[in-house]
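Chains: A, B, C, D, E and F, in written order; residue numbering restarts at 1 for each.
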Amino acid sequence: MTDTSSVSPDQRAAILTEALPYIRNFQGKRIVIKYGGSAMTDAVLKERFAEDVALLSFVGLKPIIVHGGGPQIGELLKKIGKESRFVKGLRVTDPETMDVVEMVLVAKVNKDVVSLINGKGARAVGVSGRDGGLIKAKKARPARLAHGDEDLGLVGDVESIDPSLIASLEERGFIPVIAPVGSGPGGKPYNINADTAAGALSAALGAEKFILLTDVPGVLDAQQRLMSSLSEEEAEGLIESGVASGGMIPKIKCCLGALRGGVPKAHIIDGRVPHALVLEMLTEEGIGTEIVREQAPGARPASKTLRGENP
Amino acid sequence: MTDTSSVSPDQRAAILTEALPYIRNFQGKRIVIKYGGSAMTDAVLKERFAEDVALLSFVGLKPIIVHGGGPQIGELLKKIGKESRFVKGLRVTDPETMDVVEMVLVAKVNKDVVSLINGKGARAVGVSGRDGGLIKAKKARPARLAHGDEDLGLVGDVESIDPSLIASLEERGFIPVIAPVGSGPGGKPYNINADTAAGALSAALGAEKFILLTDVPGVLDAQQRLMSSLSEEEAEGLIESGVASGGMIPKIKCCLGALRGGVPKAHIIDGRVPHALVLEMLTEEGIGTEIVREQAPGARPASKTLRGENP
Amino acid sequence: MTDTSSVSPDQRAAILTEALPYIRNFQGKRIVIKYGGSAMTDAVLKERFAEDVALLSFVGLKPIIVHGGGPQIGELLKKIGKESRFVKGLRVTDPETMDVVEMVLVAKVNKDVVSLINGKGARAVGVSGRDGGLIKAKKARPARLAHGDEDLGLVGDVESIDPSLIASLEERGFIPVIAPVGSGPGGKPYNINADTAAGALSAALGAEKFILLTDVPGVLDAQQRLMSSLSEEEAEGLIESGVASGGMIPKIKCCLGALRGGVPKAHIIDGRVPHALVLEMLTEEGIGTEIVREQAPGARPASKTLRGENP
Amino acid sequence: MTDTSSVSPDQRAAILTEALPYIRNFQGKRIVIKYGGSAMTDAVLKERFAEDVALLSFVGLKPIIVHGGGPQIGELLKKIGKESRFVKGLRVTDPETMDVVEMVLVAKVNKDVVSLINGKGARAVGVSGRDGGLIKAKKARPARLAHGDEDLGLVGDVESIDPSLIASLEERGFIPVIAPVGSGPGGKPYNINADTAAGALSAALGAEKFILLTDVPGVLDAQQRLMSSLSEEEAEGLIESGVASGGMIPKIKCCLGALRGGVPKAHIIDGRVPHALVLEMLTEEGIGTEIVREQAPGARPASKTLRGENP
Amino acid sequence: MTDTSSVSPDQRAAILTEALPYIRNFQGKRIVIKYGGSAMTDAVLKERFAEDVALLSFVGLKPIIVHGGGPQIGELLKKIGKESRFVKGLRVTDPETMDVVEMVLVAKVNKDVVSLINGKGARAVGVSGRDGGLIKAKKARPARLAHGDEDLGLVGDVESIDPSLIASLEERGFIPVIAPVGSGPGGKPYNINADTAAGALSAALGAEKFILLTDVPGVLDAQQRLMSSLSEEEAEGLIESGVASGGMIPKIKCCLGALRGGVPKAHIIDGRVPHALVLEMLTEEGIGTEIVREQAPGARPASKTLRGENP
Amino acid sequence: MTDTSSVSPDQRAAILTEALPYIRNFQGKRIVIKYGGSAMTDAVLKERFAEDVALLSFVGLKPIIVHGGGPQIGELLKKIGKESRFVKGLRVTDPETMDVVEMVLVAKVNKDVVSLINGKGARAVGVSGRDGGLIKAKKARPARLAHGDEDLGLVGDVESIDPSLIASLEERGFIPVIAPVGSGPGGKPYNINADTAAGALSAALGAEKFILLTDVPGVLDAQQRLMSSLSEEEAEGLIESGVASGGMIPKIKCCLGALRGGVPKAHIIDGRVPHALVLEMLTEEGIGTEIVREQAPGARPASKTLRGENP
């Protein structure tokens, strides 16, 4: 627990009421959050994340969590002595591997997240994209694969999303926690990249914000300085110019996809900061980088201002 | 504005999430607040009060404001050169005086409160007890008057309350702001003491809490130390033993009436503290004195603890 | 009470059933009524008016009352010794004057109207335009003022209307009674002419009729004969030709504004006739003058006929 | 049409507003009306009746019509050359007779009533007791028949009533018009006396009033003077003492049955008076005789007073 | 009862689950069924029909029955000694004849159908087109009549249909059974051909299917072979080429009218087959002939396949 | 697919309509089905089961599936080289084992069942008892363990059930598929026996029936003959007398628990019979054994009759 004993009652109350304009603006709005990285592995950060989600839910926002699975999948594969084949760096997901992926994502990881949030007094419900027809998947066709390369197996892309299960859960105040497994041809499970799934869900669900929790401070410029706000065009420029590189490129592309799908703002934030979500959503503090849809009414300039946030 | 620059982002977020259990416990609950004293006259405290009410409303509570009018009534009486007669210290409210009382309470004061709250982005609606049959009044019979004393005129007590106007306003998220004027025999306006009206409303509306904003720190013991929590019995004892005296007696009686009407807790808090409402409702800080219904599941001991508050 | 002893039971029943086509046609329709003049000051006419409003409400129409305040404002100004300055015949409304205006309109007058109607068994609720964001006001710019003239102070025009408070009250059968005070820049109260406010409300609320209760028989032609029905064009002609003059001009303009805002018919009727409202709404008797929107399906010719009324 | 030209506008409006307390008191209440006699055969009275029903419906009451068939059944039996056998004065209803009864009641008479009411702008729907399980019938066992007498055939009594069809029609504002044919053992149609059916329906539907339209002025005392109000006990006394005789006895018994089933008031009124229904329901005029449940809060004394009607 | 003792449990269950795709596809869809011919006169077929309607209703479809009256009208006319005049083969329907038509259709036949269905545990309600403004009729103008021919009297065509009564009945699960009598000018009953009425109702109610129960196997080709599926164009061709003749022509025209009104498929099926409705709706068996709207997504080829039915 | 070519159309339709009384009686009722054994492992039986569940859902029943996991848990434990310790025949469920249990039940098995049902056109949603607070678990205390025996770890019993997640899913027509994992102290997953969980759910959800799919023909008497119907008392007698033994004892106890919790009938049926569910629910065929609550209105005698089923 962060020590707040030095904060006076006056200051406490001031901080609470400073959240008012943010709470007002996001009432009843869906916020899709990609949950992953340290925020999902560090014991303290996990508790902070769950508190944040519960708080956002209680003050009237509608958080929707999409999580990945990462290291735990590798661990179980190793345990059962399954070795993965790779094609140009991409893991081949044969049915046995897919079983492991689904078991880790849909059971182990998903229910841990659900349990964490429920421990804060909120009511989360974990679902897979195969439940209630939520995510229909199609076979992924990664650009880097050439004709003749080995098939990647059960790796999927989002084909379509049916929002009715999410709406049904929200009606009674449940917080959806979604494992990124889709229902492919023949009803078979397909593994979908969690960032991709979250971006597609934020567009299909008409989210007000798409938030990517990462293990970096945000998007950096050529001088390695944090950029607090980017237009779509600027974000595309960073990729083309090579300033953005490595793992940041797919994350920016995911955000751009969400914006094109109608989401007003996407955020790449630093999940290593405790309470990163609440700081981003309910305080003046800017965490990481926001990317703003061109048509969106207003973006914060250099520093995040209330004006920028509440046009 | 309170300076919060010394508070770190970590601490800010911690303070926000510390409000979670309170927000959860009071979701959808009615909180009747008697508004008066310095909190209604001091320019800074007024802004803080309005922010607090708006915040409580946005995070899912249902605040209901009942206000008095005090000094402004005297000012207008003086302006029009109306001199009041008094009987054993009680002002005789003849029709001309009642006109002034109603004009000040229902128009001037009520609409200022409404406007203040609306300025914070919430939506308040001011009503009189004469609107929609909200408060039926009967002639008050103060104990201190003897047979043969002059009649006090249009001074009333609550006879009955019809909650349907309040329910109708709450359905669309309006915050009711109530002027304590009732509809007496023949539809005539009757002036009702604001503390009394607020206490009766809190019982009739099934409120979770009744909060009296005052200009004192709370209830004091014989050594003039603040008592943070009292049972009904203890509160009655303070009156019988004479420890409580003067203006504190009717306030305690008002609270006891609300408790007997089914309200679990009544609070006499210090309205001179900025954000007194938010501190009382959403933080661990105890402001003033709580009086707890005997059957209520748990009271805080010497210091207000989360446990005491969230049984 | 009008003596009806000479009316036979047969005739009584006939008169009641003759109201059937009117009741049928106006089921669930909003009727905005500007209440003022003798109908608001004469003790007998007040009772008749309240009976009419209650009856219209019980048979399924939705009356909405907008009242002015006239003489009572002057009386209170005199009582407190406040002298008004005038600029080209218009009263300067400084803050102190505005206080008086608001107190008289929102408290004294408004609650008297509410109480009158409630006395007939209906349930009225009085609100100001400042409640629930009902009327946003802007500074009025009267045409007759020239650059350099003294500012009129808190005199306002309607900027926008938010109908949700009215809808919320109607849902549970409450009759809204509206005082024409708007919320101007900074939340300050602005005094709006009652005719103007009523006309704007009738358009914004999609009223079926706008009825102005006046102290004249209606619109007169050059020979001082009552004109029972006018088209928009004819009404404009009366102003241009100078046949309509004095206080009638703004009343006709108000009606034309309502028609342009989509109200099918506006009526200038004689409030000195007892039960003027019920006669106009529920009988074949034409009271005063109707002005009919060009696109409206049918207007009554010389005499008001059922056909004209129920196209 | 009754000539109302001698009635002044003042008087017209007064008569309309005098209906206010009645309209208010019966809002949303069910009024079961047994329709028969001259009011169903005289061309002018039929129009007046339909206007009355439409008016009651538009001002917020819920009229439910139950009709008989009388002369038209005999006419068709004669036309097809069917001769009826009688046992102690009661007609034997064999299947062929029942066919005639059902065809006349459910088609001819029922749809004429429906059409009349619809002609006044209301929306009536005719149903038989066999529709939607509305009336379950059992074989009638008339007291006057002795063991060994010939069986009466398809003559029935009400066994049970399922109100859901009526509720379903009322939800969209349809006025139910009910033909008194029930569904007996094996789904066969049974002929039920219309007065009896109407009385049973008024009890089962929780009606506020049960009104019998007859061709007499009401219940008469030993001196042949109209009795305007009777208690249950007084009504029973009239039968026991022999003051009530002939066709009046079953009518009084029908009313007493309705009262015992919880209906507060039953009325035997003179259907030969034009607008008898509206006069009884919406004016001070007492038409015929009311019989009042003992526990009912208040009965009118000699003359029907408003006080008596609106306790 | 059909003997099913030779069917094994396995087969029974298989047959039930084979109904699944049909039940799924027609959930909540309206199916308008013209009921007539042997299915309405043969005692066994009547029971089977009622079971079918009840079953369709319980598994979630919305059957709506429209019936004719045929032989029973002639019988009653004969009984009362009424001789009909004919003009070019069409019966003149004078008011006395119309009385007979209405009595037979609306009472006798309609309530027998209602009673049959209710006997299977469903809840049917019989209505005439005159109830609740369901069918407005206009005078029919048969093509074969020339100027100067005698007027046919009360023979009508559908002018308009108000679906609200049907919707109201369906809301509580009642099955509407409709007698084809319309409300003509002056509210007078008009006799409408049952096939025509059913076709018009299927279009106005947005039915998914229009089913004509007949006494023929379906539409036959020039070689007298049953044609199981026809396009609109093919159906029109059969009439133009003379392959379809006699009574089949109006039936095909009726179907084409329904298709033009937006109904996807119309069926002419053999009502002499027990359970014809259930076979057509819930099994792979094709009964009779379907005519498919051109824009409809898919028609079955020679034999009815699941694919054809469930595009 | 079962060959049904020998079944005539008549017989097909007869079999479908014979389901009518069952469909009618179980409309909107919850049926809790414990799914396991061969029906969950045999490829053909799985398809038949999914068809049955989809059919029951489409015809208006509310199936709720609770599944076990059996062999697949052992397989994965073996794969990861985890050896289980046993205490008096009960497996010790340490955290690592629990991980495997949860992954198999909540992901692998649950989503396979969901996918199977969705493949039949219905919409299933899989949840764990940890989702939305559905099943709160407490540590199990098996009777056969003595003080001092090794702790069994995360083996749980049902402490309480919150039905709101199930109600939320049913509102939009989703079929709940429940993995029997509960949320124990500290939010930790606890493994609950699937039969036990299903029995407790059937009581807590107010199910009309509790159906156990097993791999035996039902309950056998001392002569090894199938007993088609048992009272509670008889069932208890079978256990006491030792006629029921081995695995049948806990199954009977489970049923008795459901009956005591208010479920009218529990069934132990033979899941090896294709379409066992549809045969039991929608045909006269009795599959296995029913146990009937004493207070239940009627039980089938030796052979299951319609009367017994539809009291």
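Everything that follows uses one rule, which is that a residue touches a chain if its C-beta (ideal position, glycine included) is under 8 Å from a C-beta of that chain, and two chains touch if they have at least 3 such contacts.
Note that the structure is predicted; figures quoted are calculated from it, not measured.
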Length of the line joining the C-alpha centres of subunit D and subunit F, rounded to whole Å: 56
Distance between chain centroids, defined by C-alpha means - subunit D, subunit E (Å): 37
Gap in Å, rounded to a whole number, between the CA centres of subunit F and subunit E: 44
For subunit F, residues that touch 2 or more chains besides their own: none
Contact graph of the chains (line, ring, star, complete, other): ring
Ordered ring members, subunit A first, subunit B second: A, B, C, D, E, F
Touching residues on subunit B, where the partner in the complex is subunit A: 1-4, 6-7, 9-21, 23-24, 27, 48, 51-52, 54-55, 58-60, 120-122, 273-275, 278-279, 282-283, 285
Subunit D - residues contacting subunit E, complex: 76, 79-81, 99, 102-108, 110-111, 114-116, 118-119, 123-128, 130-133, 164-165, 167-169, 171-172, 174, 181, 183, 187-189
